[in-house]
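For reference, the structures are reproduced in the following blocks.
Each of the next two complexes has chain A plus one other chain: chain B in the first, chain C in the second.
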Partner chain A sequence: MNPLAPYEPSARDPFDLRKCGHLLRRAGFGASLPERQRLVREGLAAALQHVAPPLAEVPAADALLNEAIAFGSIERVRAFRVWLALQNTHPLRERLSYFWHGHFATSNSKVQDPRAMALMMATFDRLGTGRFDELLTAMLRDPALLRWLDNDVNTSKQPNENLAREVFELFALGRGNYSERDIKEAARALTGWHVRDGQFFRAGYLHDDGDKEVLGVRGKLDGDDVAAIAAARPESARFLAERWLRFFVHPQPERDEIDALAGAYEQHGRDVGATLRVLLGSRLFFSARAYRSKIKSPADFVIGSVRLIGGRAQPTALVAAMATLGETWLEPPSVEGWHGELAWLSPAAWLLRSNFVADLLAGRRGKLAPRAAELLRGYTRPDHLARAASLFCCDGDLSADASERLLEVARAAQGDRAATVLHAATCLPEYQLL
Partner chain B sequence: MPAGLPAEVAAMVGRAWWRRGPSSTGTSANSCARVAGGGAALGLLADGARWRWTLALRPGEPAAAAAWLERRGGAVARRFEGPWLLVGSDAAALRSMPTAPADSEGSWWQPALVEAEGAVLRGAVDLAALRRLRGGDGALLAGLDGPGRFLLAPIAHALDHGKLLRLQLVAASSLRLQVQADASIRGAAYGSLLPAGDAGREVPRVAGDVLATLTLDRSLHRLLAQPATYLSPAGVTQVDSFLSIADGFDGPNSSIVDELFGRLAEPATLFVLAPQLPPAAERPPLLLPDFAACVPVADARVEAVVRRVLDLIGIVVNAERAQRRQAPLLLRRWRGEHGSGLAAELPEWRGPGAPPLEAVLSPVVAFGHGHLVVASTTRAAERVLAACAAPEREHVRGDLLRLSGAAIADALATSRDALVLARMLDEGEDQAGAARFFAIADAVLRSVQHLQVAVVPAARETTVTVEAVRQR
Partner chain C sequence: MNVDRRTFLRGAACAPLALSLGRGGAWLPGGDERCLLVLELVGGNDGLNTVIPVDDADYARLRPKLGAVRRGARALGDGTSLHPSLARLHGHIAAGRGAVVHGVGYAPPDRSHFRSRDIWHVGDPAHQQVGATTTGWLGRAAEQLVAAAGGAGNGLPAAAIGGLEVPLLLHSRRVPVPSLVRVEDFQWLSPGARGPIAADAPSRHVVGAGGAGELLAAVRAAQTAGVELADGLTAALQRYTPKADYPDDDLGRHLQLIARLLVAGVGTRLLHTSFGGFDTHARQLPTHAGLLRQLDAGLGALLDDLAGHGCLDRVGVLVHSEFGRRAAENASQGSDHGAAGPVFVFGGGVQGGTFGQKPDLSRLVDGDVPPTCDFRRVYAELLGRLGVPVEPVLGEGFEPIGLW
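== the complex of A and B ==
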């Protein structure tokens, strides 16, 4: 049976709040309860259209890019990225930019250039939902990545293999799908792929223009050829399919799932957006195996909490909160990006998450609007309050034990009861899951 | 209301004003006349950790005033004393009030405190009592770090040692608030950083659009030469750290403290000037105003030391830029109409996106007409050097900060989009809300021709004057 067979809602298996919340969390950064309820009413097709509308129909992500980099501050660029995620104009685009940032993990700690980092993220926004070979070609010309992986000192006389190695191992193929000789030859092809005046510069006099052989292809190859050759390999399709399945569906995808998604990728002309639309509309995506199978990253938790409340908060304060929880955008811990999943949660991290939401609801993380009391206005009975908080935070899908605990909190709550109950709901194990 | 205030804001203020009026005894102006048409005196008393207040009113209509108080609940104590209505936050506060006015004119104000003819508002604060509440003398100055002390020592010392603070607000052609404390830093150790006497000095007067001017009459040389006299132990360590690096620039050739700072005089003046607008395509989204600091030169030999130090700093900066793979600054001798020096420029911006903040900078250190000028652009240096050459001077007593509302508004307008985004990111506002904030700031700034803050430490007292002149 094809794991990517389309999910068709039925009376027995409806597209309900639970499934809608799952889609919006995985293909974006979550949504408010009224937005989720509206999409449930409009149905699965409308929800899929909502998370991945045609790019031409939504505002470009770089409309305020020049203003964001004007201050020359990496903090401002981070806040701008969080602001974009909060805007949610194209949930899948923003989600994929987050994915690609982890995939082509590049850190400003070495690049030391907020403008280059912002432009790299803008490349993800622009090309991240398109063809992977185009994205890979652009990335091998990206000033931030070239600096991060030392390709700006890769010359014909002294080839540097850092970028070539990561192209094969981390970006396009995965271990076991290339040889050391391929790396050496690709490094030669990438010589002279440098940066000047903050942009890509092909330094012809530093480029090795002799014949090379990369992954069985011979010729006077250069960086663009390396990108095209690597992206065209069948191993690349399986490598990317596994990455997407881990990110969007389940931390441990099965072999048949990987094969099916790699096949869909090939079928759709290696177009990332088209492939992911198939995945997001599949039975696999909405399966019990996928549901709440991942742990929220700090970005999912922080941005998602604000999105879920349907309010606004200060992006700079959210950036600081994410950093406290262990995720500093534009500064991944290594070239492998964030390891995620279980690494995100520990008793200390849970406490920090709880404190973040308490601060957020109390207005100590900036101007959160609307306030908790306004969100749960009209709910006065403890059981109604507990039910409303369950719907807001967990799509009404809680175990009997969790529901009972939430009800106890609602009964005992004093003062700002709405904030207390919402806070309690965000402390539940279910809320830590994506 | 400032002209140009966005219509919705003006309407909001208008509605608030209107709501306040009818809810009391008519319009706000009428209410004031009925309750305190003959004047009012407010007193604040500290009683342990608790504050009490008293209010002496001379109502225009005693019955209306009593009714007004009645509507505000029975939480306050009051009594009529002839034509005066005396109010206290409680019975004890009321008992503490004098039972008769201070003079035959019927004023409840103690004229011995502040004699201010024509002041619409007068006030006196018992500083000694306030300090007793806070627990001791010298707390403010001691709490300031090095730069804080250098800037604010006269005010902090006056608040730490004065007995009485007198305030008066005069509303004439301008709105002038004068605050005077009966203590001065001149007799204290920190006073040796100030010039002898308070007659004031002449500083260059820069023509054209000047956003802000800050004049400081202090000796940085004395502070760096004897940091232990003026700074906390942490501050002394900071100065020592700075000097251990700074003295290395010119090596054994000179002492930075004595042969650079010691050859400069006071006062130092910082000018913030309107930026020159580059063509739109070359304009950074955030356009800084021009900055230029100007100090008189006491000994012309300082020029040679400054040139040697700058040459070395240029090399160090360019080495660091090269390590970051940034294009080097182009260092060149600069010669203007009124002076010459060393300028640094970035190569022409050819990168992706809008030019960065620093693309329009050309930092320069120049000498001319007996002054050293350090400026963010050669244009600013030229303007300030021209002012140094001109016979017109401005007489300044003490420290002076002057802000020009319209010029600041113009400068903000050139970077509006970047500032709006910054507010969206920092405050979480949407684009419309952030834009409205700057529209209001623009209207308010344009309504103020200039705002001036002067701090004058005289022999026995320290006076701070804040004066706002409205745009006519």
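== the complex of A and C ==
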């Protein structure tokens, strides 16, 4: 059976709070309980429309982008990105820009240009839901990426292979789908693709305009050609399909799932947004195999907790919290991005996550407004408190053991019982899963 | 199933099996046990500009610009010299507390950072796909230590320092390995009253809770170990006062945290930290000199601190990188991914000086210094020093070098 067959809610398999929470976490950065309850009432189609509205309907944040750039600090750009994710006006776009940032993992530690980093992220916002070949073409002309991978010193006399290698290995094809010779030839094609005054600059006098052969295509190839050739390979469809499945669905996709998604990608004219809409509406996406199969990243945990619990969190404070948990946007550890999954959750990292929520609930460190206890105001009986915390934090879906222990916490809690119970719910293993 | 290790479940380190943490502060007193720190230079350190073959006639020819580091380099006595930034470490080598092993690597070399790091971390060049059950060589060593201790008692046999990710080399299927950044972070905080969650607080009920399934079990193990860590570590670390000045940078802070763990004797015997930025494809000279200066200051302070506390004798430090760099400099005043490189081993009792064949630049293989010493021989040497049996960790046939 086609794993991408559409999920059709039924009385036996309804679109409920569990499925709605799953969709909003995976295709966005989560949502408050009232918002999730509203979308459950409105149904699957409305929820899918909510996570991926037509781009034209989403107000642009250009003014804030320009302000962040004008400020000239990378911290300000990071805060802007966290603010966008907190707003989540176009959940899937925000999510995809996060995906592409990990995919074209570029670090300001080397680029040293907050403006270029901000514009790179804006390119993901603009093109990330469109066609991959257009995105790849734009990325091979992206000033931040060109600097990050040393292409600003790649010249016809002195070729530098760094960008060419990563285009094939990490961006478009994956290991085993190209040769060392392809890398050498692509590096030649990319000679002279430089940066001048913060803009892409095609330095003709440094470009090798001889014949090259990249992945079987011959000609006087340049950087645009490398992008087009790589993006057009059938291997690229499978490579991207696997990446998307890992990011949106399950960390260990099966071959038939990869084949199906690669097929959908081809069918939909290699349009990323259209492909992902198919994926997000599929039985596979809503399957038990996908639900809670991933570990929340620090961004998922921090931004998701704030969207869940509320409070007026300063984006800069959230940037700092994410950094403590091991994820600093615009500064991935290497060109391979973040490792993700259980690598996020060492014992120490778990402790720091728990402490973040404790601070959030208590309004501590002067960074977060205490509002959390209000969420459970009106619930006084321990079983009601425990049930409400389970709905808030864990889709109301907990094992008997976890429910029982949460109830024990609610029974024994003193003082700010709501905060204690909510904190305990976020300490449950279920809450660490995406 | 095609498994790409980049995003794969890396959580073997937190796997649920045999989570044998002692209850209520059952930390081994430590004190006389031997420990190992692996300090990894990430990005591919330029070995030929770190341990410089100054006497090799081909060096100047291959490195007309990068060869400038010869000026001010300090001789090691075998025709090689240490980069001018490494004054303090040179002192430790000269004083018989440090060794250089030339030409360490594996054949054939892999020039991908990720693949080559995986090879060093797993300890097997033939290992192909890193998956959820892949273990690292130090993670396997931790299993041996726990097994030797009767499978119980030791709260924290191994730790990753400086990042929140547990690197592959510390992945184990049986021993949970935490990562630590700052000591102060490791109280389990309450959302109500200030300060840590008390031993009898209601929130303690959720420790170890949760549903069935491998992933939840792994998370539960991380949680249980995290709370254990918080409860035990703070007290143990009170026992340390520094005996050296550490530089005020990340590496310095991480190395000082390592010193605190080692001096406190919390039973943590296997440690890893990494120091990145060595991928010097362009304009290498100032970058590389700065990195080595940081290394010299941080590691120099650690060695002095440990010596000041009288515990350098039980600590070994391995400094390595995933590969060296090509013998010939590139046209961007940098160097590209190469093959073998030198490693450093520091510690009390080590035979000082240089070991192995120094690089011969007239005999390059594919533009590289070929490996003359398999990296697992160095590992075997260190495991032997720790008293860990080599074969279960690395397999057979890796003769020690004789550093001790």
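Rule of thumb we're sticking to: the second predicted complex is superposed on the first by the 423 of 434 C-alpha atoms of A that agree within 3 Å, B and C clash if a C-alpha of one lies under 4 Å from a C-alpha of the other, contacts with A are read in each partner's own complex, and residues count from 1 in each chain.
We take it that a residue touches a chain if its C-beta (ideal position, glycine included) is under 8 Å from a C-beta of that chain, and two chains touch if they have at least 3 such contacts.
Fair warning: this is a prediction, and the values are worked out from it, not measured in the lab.
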Practice task
Give one word, clash or fit, describing how chain B and chain C relate on chain A after superposing.
Solution key: fit
Exercise for the section: Check the residue A:D16 against both partner chains and state whether it touches chain B (first), chain C (second), both, or neither. Expected result: neither
Practice task
Give the label of whichever partner, chain B or chain C, reaches more residues of chain A.
Solution key: C
Exercise for the section: Using the superposition on chain A described above, determine whether A:Q112 touches chain B (first), chain C (second), both, or neither. Expected result: first
Exercise for the section: Classify the contacts of A:G72 with the two partner chains as first (chain B alone), second (chain C alone), both, or neither. Expected result: first
Fill in the blank from the handout: Value for angle(chain B, chain A, chain C) over C-alpha centres, in degrees, nearest 10, is 80
Problem - Contacts of A:V409 with chain B and chain C, given as first, second, both or neither - result: second
Problem - chain B versus chain C as contact partner of A:L64, first or second or both or neither - result: first
Handout entry: Closest Cα approach, chain C to chain B, once both complexes are overlaid on chain A (Å)
Key = 8
Problem - Doubly contacted chain A residues - partners chain C and chain B - result: none
Handout entry: chain B-facing residues of chain A, complex
Key = 64-72, 76, 79-80, 83, 112-113, 115, 119, 147, 152, 195, 197-199, 312-317, 366-368
Problem - In the complex, chain A residues that touch chain C - result: 109, 150, 153, 155, 157-158, 160-162, 169, 174-175, 242-243, 246-247, 251-252, 254-255, 258, 292-293, 295, 324-326, 333-337, 339-352, 354-355, 357-359, 361-362, 364, 372, 398-399, 401-402, 405-406, 408-409, 411-416, 419-420, 422-424, 427-430, 432-433
Practice task
Give every residue of chain B touching chain A within the complex, in rising order.
Solution key: 284-286, 324-325, 327, 349-354, 356-358, 415, 417-418, 420-422, 424-430
Problem - In the complex, chain C residues that touch chain A - result: 1-4, 6-14, 42, 112-115, 132, 160, 163-166, 176-181, 185-194, 202-203, 205-207, 209-212, 215-216, 218-220, 222-230, 276-277, 281-282, 330-332, 334, 336
